[in-house]
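Should a chain be cited, it is by its letter among A, B and C, assigned in written order, with residues numbered from 1 in that chain.
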Amino acid sequence: MTAARAAGYAALVAVAVAAPFVLPQYQSQLALLWVMVVLALSWDIVGGQMGYNSFGNIVFFGIGVYATAVVQRDLFFDIDEYAHAAGGVASQLAPLEYLGGLALGLVLGALLAVLAAAVLGAGILRLRGHYFAICTLGLGIAMGEIAGGTDYIGAGSGLVTPLFPELLGERNRFFYFYFMLLAFTCFGVLGAVYRCRFGLALNAIRDNEDKAEAMGLRTTRYKTIAWCLSAVFLALAGGAYGNFIGFVDPVDTAFAGPTLGVWMILMAIMGGRGTLWGPVLGAMIFHVSREFLWTYLLGWDRMILGLLTVLIVLFLPLGILGWLRGRTAGRAAAAGVKPSAAESRPSSSTSQPPLSESQP
Amino acid sequence: MDNIQLLLQAPVFSVQLLVDGVLVGAIFVLAAYGMALVWGVMNIINVAQGELVILGGYVTWTLFTFGVHPLAGIPVSAAVLFFVGWGMYRAVVFRLVERDLFVSLLATFGISILLQQLMNHNLVFGPDIHSADPGLGSLLLLGGDIVIANIKLAAFAMALAVAAALAVFMKRSRAGRAIRATAQNNRAARLMGVDTDRVYALTFALNAALCGAAGALVVMVWVIHPFIGIIYTVRSFMIVVVAGIGNVAGVAAAGLGLGAAENFAGFILGAEFQAAFVFTLLVVILLWRSFRLGRRRQVLR
Amino acid sequence: MSALLRVSEVSKSFGGVTANRALSLSVDAGAIAGLIGPNGSGKTTLFNCIVGRHPVDSGSVVFDGREIRHRTVPQIARLGLLRTFQQTRVYGAMDCVQNMQISAPQRDAENARQKLFRKVPAAVTEKAESLLEFAGLYEKRRLRAGELSFGQQKLLEFAMALMNEPKMLLLDEPTAGINPTLINGIMERLLRANAELGITLLVIEHNMRVIMNLAQHIYCLAHGSLLAAGTPQEVREDPRVLSAYLGAQ
């Protein structure tokens, strides 16, 4: 790493750490910003780097949300008592209990999500193109519907997460730093992983999976690992997200396909899918503009989201980074570095009749 | 699983579920036929299919609030949606033809969100649940053991009539032949003087009209609201995957079968899981197809 | 010398169309064999059957002493039997060096698992670059493979195959659609790969000048069956081969 780059990263970290103290009134929005970064980055592993358009990654997020909430509930509360108190007084916990429950829930949620990704992936990742996309779309909605009908996890009326213990300080600040650390970890891990052989393998699958198989790559294994990696970060984000929101609803919080599920795709594409910085950039632009501008749109905001999806896909399919890269490449070409295509080209004069030389 | 026992003890219940399911399955067939048409001719999977259905429902419902009988709403919905489809093609969909999968999937997905939210807006239709009761009464069979809402019979007949009319149109008319030619080989069709752009527009408009007719039936048989479109997209997709794109009879059979299967699942698992059943069935069907192909070393793509 | 690849009585039909009818051929280790025949005679289908892309209806395919007819494409590739495609297939959005790096062999499963999350070793990159030089693509090594011309992509695909250190390479029309001035270069590289790296070759080719100069043994297919086999001289003078190409007279 060059000194300039190290300084750049250090400055970013400093800004990120200082942000909640400088702008305490925006603390919860800033915490959400890091959630968005994690969502976009983790979608891009499969959707961008590997070229599998998943509409159902929200499943792993939802698994994280529910696993954590259920562990927190079952660890410290008697179910009957909980049901009577309806999430009121009973959910007051001591700091260590709270942290222990949260940590255990997050770990279990992550494990469960990885297990789900591995099991589902063994079948679903064999599908390609339309079939994979629609199958994951169906999977995401199915999970929401099933969660909404299952009494053990609160069915349609949802779950209330335990109250944040006052002794731990401000709730929003706690989760701000959790999500920030998660986003940094995600970015760092993905950055490292993409530089390895694994990253090359994912790109190879994206560019031509048949060729990758013909070259002996273990494509099924790589695809499954990629989905599991995505699932880990989504579950870790989801588990804390449920506590951050304070309430778990099957369709609005956990398996939030129409909101978070779409946003993660849109953010990754907007920034530039298949790049490390693209999803980060996309998440920043998307979230900031949503928080500051969309309040003025008075109920038309989600419509604009649909419109934006169409426009970005049609006119900026490579995203902001892809577009910038294309422009710089174009400029380089204009400056004369253009590859000479003269060396070999399918020629029209090759068609000699077969056996022409073997005629007696 | 008490309900399974109930079914075993009173077989007439099964007949009731079967008949009900098959009748409403015809509605799914309409939307599925439209999806197969667009898929086959333009190689686009229209994720907004369900929203077109719901929009068709709203057209009929709007007429209904003005006192028009909902059955009369079927042709109106189809006609209005025909123009909506044509407009959608001219505005967006023409840019998706021959683009890669990622673009067409996400763009139609975006259209789907756009339509949902547009319909949901208070200035348009709003978030309430609506239905239009045609007031046709019910038919009692087997001494009253089986009750069939006449509207379901009518829906079945209408769906068959529309499908038959479309089949004749595709076979006999010049435009229908142009559509089939384009589906088989769009370059050759273009060289032979077929205006493929117009064919695509017509195809998409016809698809929307089919969805509109289906939606008019949906609002009479069940209810509509802005966010239940996606299940019709998934049903259509499932039906086409099971039947194959070019297989009209197969689409009909798969659609009716899906209607029946859903009805049984809804009864056995409880109504709250009926939608979950549909989406899970989609996943299962795709995995099963993929597994079968995998044994022949092929991939579902 | 023993046969590295032995295809016995392989049949394959699609629906009612028989693409391969009880085909048998064998290629000795270190040899260069040719596969010729008119369009639609089943050459590419045979390739696909050998490398596991199509399931074989009946017959057997033995590579390096192992029956491979029930193995999958990646498994067969890892045994050291690779193929190139008639229409080139490269990883279009990755640059040439990356195309080469990911083609490095990873036969041993344990080895592959460990290396998955390591950076590509310098030795691999060096080898990639030297093979790109061998293919005449060193200058283009940082270009995206999709930006290369068709002929350059064929060379890249060939270099990628060499990078994988296969025992045997099946080449599907390596000179089709290529500028005639470049054909000699490709021929020379094929011969060098065979002589210096010891890679056994089975080549589908329409260009008779190329195949007659390249192969020691040639199989000619027509309508899915083996029509003739022998040395280039024998095949060239076989009246059945002539009539298959020129139509019965």
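In this section, contacts are C-beta pairs under 8 Å (C-beta built on N, C-alpha and C of every residue); 3 or more make two chains touch, one makes a residue touch a chain.
This structure is a prediction, so every number in the text was calculated from the model and none was measured.
S.K.: What is the chain whose Cα centre is as far as it gets from that of subunit C?
M.R.: B
S.K.: Using only alpha carbons, which chain's centroid is the nearest to the whole structure's centroid?
M.R.: A
S.K.: Roughly how far is subunit A from subunit B, centre to centre by C-alpha average, rounded to an integer in Å?
M.R.: The computed centroid separation for subunit A versus subunit B comes out at 32 Å.
S.K.: From the mean C-alpha coordinate of subunit A to that of subunit C, what's the distance rounded to whole Å?
M.R.: From the centre of subunit A to the centre of subunit C is 40 Å.
S.K.: Just give me the whole-number Å value for how far the CA centre of subunit B lies from that of subunit C.
M.R.: 47
S.K.: Touching two or more other chains, which residues of subunit A qualify?
M.R.: Within subunit A, no residue touches at least two other chains.
S.K.: What are the residue numbers in subunit B that touch two or more other chains?
M.R.: Residues of subunit B never touch two or more of the other chains.
S.K.: Among the residues of subunit C, pick out those that touch two or more other chains and give their numbers.
M.R.: 53, 72-73 - these are the residues of subunit C that touch more than one other chain.
S.K.: If you look only at subunit C, which of its residues touch subunit A in the complex?
M.R.: For subunit C paired with subunit A, touching residues are 38, 51, 53, 72-75, 77-78, 82-83, 85, 89-94, 98, 101-103, 105-107, 112, 115-120, 136, 140, 143, 147-152, 160-161, 164, 177-182, 206-209, 212, 236, 241-242, 245-246.
S.K.: Touching residues of subunit A toward subunit C in the complex: what are they?
M.R.: Residues in contact with subunit C: 193, 195-198, 200-201, 203-204, 206-208, 210-219, 222, 225, 274, 339, 341, 343-347, 349-350, 352, 354-358.
S.K.: Quick check on the complex: what are the subunit A residues that touch subunit B?
M.R.: 53, 55, 123-124, 126-131, 133-135, 137-139, 141-142, 145-146, 148-149, 156, 258, 262, 265, 269, 299-300, 302-303, 305-310, 313-314, 317
S.K.: Applying the document's contact rule, which stretches of subunit B touch subunit A when the two form their complex?
M.R.: Residues of subunit B touching subunit A: 45, 47, 92, 95, 101-103, 105-107, 109-118, 120-122, 227, 230-231, 234, 237, 241, 270, 272-273, 275-276, 279-280, 282-283, 286-287, 290-291, 294, 299-301.
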